[in-house]
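Data first, discussion second: the structure below is written as structure tokens.
Chains: A, B, C and D, in written order; residue numbering restarts at 1 for each.
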Amino acid sequence: MLGLEKKDFTLLLIVTVMVIFAPFVLNPFPEGTAMAQMFNAGYPDLMQRFAIFGILVIGFNILFGLTGYLSFGHAAFLGAGSYAAVWMFKLLGYDIIPAILLSIAVSGLFSLAVGYVSLRRSGIYFSILTLALAQMMFNMAYSVLGNPSSSYNLTNGETGLQVYNSDPQVLLSATDPNFPHLFGLSMRSETHLLVGNWDFTLNAGYYLSGLFLLLAFYISIRIFRSPFGLMLRAVKSNQQRLNYTGLNTRPYTLMAFVISGMYAGLAGGLLACMDPLAGAERMHWTASGEIVIMSILGGIGTLIGPILGAGFNEYFKNILSKINDSILHEWLSFLPDGFEDIMVTLIHPFVGKGWHLTLGLLFMMVIIFLPGGLVEGGQRIGKLFRRKKADTPSDETPVE
Amino acid sequence: MSKSILTRRNVLQTGAAAGAGLALPTILTAGSHSGYTNAPTGSTVTLGFNVPQTGAYADEGADELRAYMLAVEHLNGEGDGGMLSTFSSKTLEGNGILGKKVEYVTGDTQTKSDAARASAKSMIEKDGAVMITGGSSSGVAIAVQGLCQEAGVIFMAGLTHSNDTTGKDKKANGFRHFFNGYMSAAALAPVLQARYGSDRNAYHLTADYTWGWTQEESIAAATEAMGWNTVNKVRTPLKATDFSSYIAPVLNSGADILVLNHYGGNMVNSLTNAVQFGLRDKVVNNKNFEIIVPLYSRLMAKGAGANVKGIFGSTNWHWSLQDEGSKAFVKSFGTKYGFPPSQAAHTVYCQTLLYADACNRAGTFNPCGVGEALEGFEFDGLGNGKTLYRADDHQCFKDVLVVKGKENPTSEFDLLEIVEVTPMEQVKYAPDHPMFAGGDLGACNPGA
Amino acid sequence: MGILEVKGVNKRFGGLQALGDVNLSVQEQTVHAIIGPNGAGKSTLLNCLVGKLIPDTGSVMFDGQSVLGRTPYEINQMGISRVFQTPEIFGDLTVMENMMIPCFAKRDGSFSMTAFAAVRNQKDIIEHAMHALEDMNMADKRHMHSASLSRGDKRRLEIGMCLAQEPRLLLLDEPTAGMARADTNNTIDLLKQIRDTRDITIAIIEHDMHVVFSLAERITVLAQGTPLVEETPENIKGHPKVREAYLGEAQV
Amino acid sequence: MDAIILQILNGLDKGSAYALIALGLTLIFGTLGVVNFAHGALFVIGAFCAVTLNRIFSISFETTDPTKVDFLGNPATIKTTYLEHWFGAGPAAWMTDWSVPLAILMAIPVMLLVGVIMERGLIKHFYKRPHADQILVTFGLAIVLQEIIKFFYGANPIQTAPPDVFIGTMDLGVWLGFEANAIAYPYWRMVYFLFSTVIIGGVFAFLQFTTFGMVVRAGMADRETVGLLGIDIDKRFTITFAIAATVAGLAGVMYTPITPPTYDIGVELLVLSFVVVVVGGMGSLPGAVLAGFLLGIVESFASMNEVKNILPGIDQIIVYLMAIIVILVRPRGLMGRKGVMED
């Protein structure tokens, strides 16, 4: 169905169900409880991030997962997409369609230029080239191109590009919401579903991002299963053999680079649609590093890995950074007094302001013990249960 | 559907009767509700403290967080009450705000506008925070202020010194207690003139981002007005650590004053390098070469060590102030944590009290009501003398401290000495001053 | 006129003359071996033929067209396939996928943007690849991860991949180097079968005389970067110049 | 002219820090074949050795002085350092004054230990993994190390002064015939430059004149052959890594008086030092040193007003620009061999 074989279609179906029911699944605890306070994740901002960073990492995976080219500057395309979208808001108005189209186009162009230059080299040279080019873009966006008193204020520097009332917004009509919208449906409009003590938020922006995530996921499956995808995997496996088999690797890698750049542009555009402000920091090379971390956490070169990795990273970042000592005490209050204090002291370095440390450690653990990321972890667990079943290989290679 | 933001708490409030007891799901749309974002329903009210917990300003963020927790204690009637007793408005009685116990959630801005907005959004959308406060840089303050305006909650800015926060980027839902670049310049200029004369050649080194630019503009304008000549204005990259290649050209530039429009790590490094290169021992044009750091922070001054001695700057507040409010605050903060509070801690403590008091006086948490209560509010007893929250731009006007690095510190906290307390009138400016023009406060937004 | 004409090729690396005035003519549908002691310039010559190196002077013509200045993939598309000394295959892919890649290269050329077609719907490619695998007697291994194949099977796969492109010239770079005797004999048999059943020209660089004399119809002996003799195997065996070049090597 | 000479001096000074980091990075890459993204963190650990020693020297006991009051109005506590208590005021003052140079003595064993633990505990397991994995795991390690430092020392810069005799500037200009104070350069920066030349010289001498060094050099030229010689490669890898860590650490120790260290400088330095390594040529030790100095000087010139007026913002991107140009035009770098890491 949809040009997919059964197994892939099932996967797409599972992701679709996940997207539709995320607002429910992510809010397992009833309102007002301490558990809800900490672990519920079913609120619009975070769910939007799950979807948007999912798109970003799916795109990154087409480059890094398939071809093995490790880009350390991918966040720059995300930023370029966001800037493009906010400029559309400023010039045309809050309609998201032109914004998203332009953000994809702009990032596509940027990635074409960056890819054309950096793909002349491979291995660590490629990584450093992408890092250097992206850092140049970041530095220019942060200061030189962001000075409000200069005539070329493209990015509004440190504060971030945002929409002012004095902006032209030529297509803005009186009935339009004063927020990014799709045909008048504000990205912020919500419906609340109250069941008992549970409150589930159904947010327009999230479902739009979710729709794009599904589209992005579908396209990525098609690419994985296409001859083009096969060539990309061949690039990763043995570039020399590919060259001596009459195939020109450069346009393949460049196409992969541009496609993943456009994914990043889409993600950047969507970020701006959900929150119309584009800050330069989202282009910094450590932000690119975070994309790498997400794709590794999920499982490189797998279909579902990017979505898992992005979700995992965003969830824990959000939860860990918000745990403070008073919350710890509340949680551990069932312990005897002295013991409670010791536990709080022990956990303290890893939460709140220490969330970087926890994620860093987690990331190292995954690379050392679980190079295939969460997907490999899942497979290992799955194997434990499926030991007795005979292995019947299918006609196509599984890529998961 | 309405375009307003709606969050869980206020929906629960209206939906509770219809939905909570029933097994059947109830569907609510945003349009079915009126009121304001995150109206507190139970016996508690939640405030969102959004401070840098990671990144270069993490230490300042930590100090802000300490002050917030102290303020919450005092509002809830615990501890010694701090400035509650010295504050000229007497609505705060230690029974929370409007009788509701104050609770709080914390978030990490990472000193990045994106991350700060994400964390503020999560506190508004998930935790039902009715007010967001904090931050340790102007970029973050402006970004979060914009978000709060859209979301319909009040933003009480923390440490933000750029003119733009209450100038070009001012918002009806945002309020700033901290002073700004213009006020620093206005307070410093007369002191500098008195000490260094009016025939001086100043060389500016400026951090190449929004705050640096506005401060450079303010200081250059104020010093030029008193007769100083600006030799050069040089931008330095934000990530620079070694400033030697920017300092070296100063040596033979003919300048006899170096203005460091740097903050945080930049300030520590550029000042250290400037002293290293012997600038302070130089005599140019028959005058002693002098360095000025327009915005001082004690936490940062500590990083610069002995290099700050004798160097002039301005600060919003300092723990050695001897008015009753400051003394009360230093006492309760010092007793609890063992060291005196920073200016960042002071400003966020005041902001929390001011917000709580405004709610009490307005009789509501509705941002429009709170905003109205804060606009044009005059108060005293919070450490900076008589203070006015101006209605036109939501900027606080109060005395500004001109300080210099202490020559003989008696303790590790005793780094700055107050040279002069510049009265409010002297640092005041018209709301439509060119440096602040172009902004639009807009109407207050109560959200849902 | 041979299918491959090498004329006056020189190549220097710094002070070292790797190739000195090499002339070589490989006739269509023959097996032509290039032998020589270590350091004779065999590999350098091969690299000049496939585009990895560019000679300082001279010309290399394939079927009337110059290959000089062309990249390896262009030269491959002209009809020259290369088998490496150590088998170069796509280790991360299955045997079937390995075989499909040359089939795609044959059908679609050096690049085609086929991101939305599904591999499993490419019936012609699958059929082509299956045939190629059957020719190599590897059809039953098509689901295996190619990295887990035995050395001999990797060699078969690589040769099979080259043949799947139906090249006009097959270049083999010491195809039995490092192989056990049994594997070597299998490879010889395979190559013999290819020689006898296909319309193909084979140029083989080899160290092992057993392989050379089993297969070759013409032999060029290279020493110190220059061809010494070009003869039939029978005439090479007792050639004095060859003995001189291979002094001390027992096989001759 | 004086401006140019000053910038050359600045460049040499910055360059010596880059060179020291890049030297270790190259040594590790050349011998172990590992791309170490945590190398910047080693510099930071070194820097915080100096901070720590300073703190150790100021560990003190408290006595109450009823005649004075503290900021809360309570009787002031007077702190006396144990150092002063044990050694007397004079030696204690001297040791505190010289704490940065003295920290070298502390940093050497600490850095050797850190190096050994890192190599044995982590890097060793990545020799056979792809470069991408090495980059990523050391990237993770860099984050972890920097966060640990932040946990103990906070995020603000920490000042550690050089010994008093090195405070101030030296008038180099008069020697060169300039007027007085035209070219005045800080003593400590000159000390740093000399120090790094000594270390660089030491490393080269070690590699040139010891058997161990010979094996390392041979390994850098041809790893497989050395592996076949039956030399205990494992042990040598560990020692090489520890030496590289120590070089980076010492660079950090001596740098503390130049700019007060913060926990996150490692990240900035890391990107820089990779650029240095690439410009110098992957795996070339002299290349790393040369490129370090060259990049320092280029960076200094790019910050000059005369240059910035023509190309605004050039000082922000010059380093990256250099890297891009070198990789594209001459991927083997200034002095690298062809083919290293080119696949």
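Convention: a residue touches a chain if its C-beta (ideal position, glycine included) is under 8 Å from a C-beta of that chain, and two chains touch if they have at least 3 such contacts.
Here the structure is a predicted model, which means the values were calculated and not measured.
Colleague: In how few steps can one go from chain B to chain C if every step must land on a touching chain?
Modeller: Each step joins two touching chains, and the minimum needed here is 2.
Colleague: Which pairing of chains accounts for the highest number of C-beta contacts?
Modeller: Per chain pair, the contact count peaks at A-B.
Colleague: Among all chains, whose Cα centre is located farthest from the one for chain C?
Modeller: B
Colleague: Which whole number of Å gives the spacing of the CA centres of chain B and chain D?
Modeller: Centre separation, chain B to chain D: 36 Å.
Colleague: For chain A and chain C, let me know how many angstrom lie between their CA-based centres, rounded off.
Modeller: 46
Colleague: Distance-wise, how many Å sit between the C-alpha centres of chain C and chain D, to the nearest whole number?
Modeller: 51
Colleague: Counting only residues that touch at least two other chains, what does the list for chain D look like?
Modeller: Residues 313, 316.
Colleague: Taking each residue of chain A in turn, which ones touch at least two of the other chains?
Modeller: If we look for residues of chain A contacting two or more partner chains, we find 139, 143-144, 356.
Colleague: Which pairs of chains touch each other?
Modeller: Every pair of chains meeting the touch criterion: A-B, A-C, A-D, B-D.
Colleague: Which residues of chain D touch chain B in their complex?
Modeller: Per the stated touch rule, the residues are 2-3, 6-7, 9-11, 13-14, 68, 70-73, 150, 154-159, 161, 168-169, 181-182, 184-186, 188-189, 258-260, 262, 264-265, 268, 299-300, 303-305, 308, 313, 315-316.
Colleague: Can you check the complex and tell me which residues of chain A touch chain C?
Modeller: Residues in contact with chain C: 3-5, 222-223, 225-231, 233-234, 236-238, 240-249, 251-252, 255, 259, 393, 395-397.
Colleague: Under the touch definition given earlier, write down the residues of chain B that touch chain D in their complex.
Modeller: Within the complex, chain B contacts chain D at residues 54-59, 62, 208, 232, 234-237, 239, 241-246, 248-249, 251-252, 264-265, 268-269, 272-273, 276-278, 281-282, 299-300, 302-307, 319-320, 330-331, 334-335, 340, 410-411, 413-414.
Colleague: For chain D, which residues are in contact with chain A within the complex?
Modeller: For chain D paired with chain A, touching residues are 35, 122, 125, 129, 131-133, 135-137, 139-141, 143-144, 147-148, 151, 267, 271, 274-275, 278, 282, 312-313, 316-317, 319-321, 323-324, 327-328, 331, 341-343.
Colleague: Considering only the defined contacts, which chain A positions touch chain D in the complex?
Modeller: Of all residues in chain A, those touching chain D are 68, 70, 117, 120-125, 127-129, 131-133, 135-136, 139-140, 143-144, 239, 285-286, 289, 292-293, 296, 349, 354, 356-357, 359-361, 363-364, 367-368, 371.
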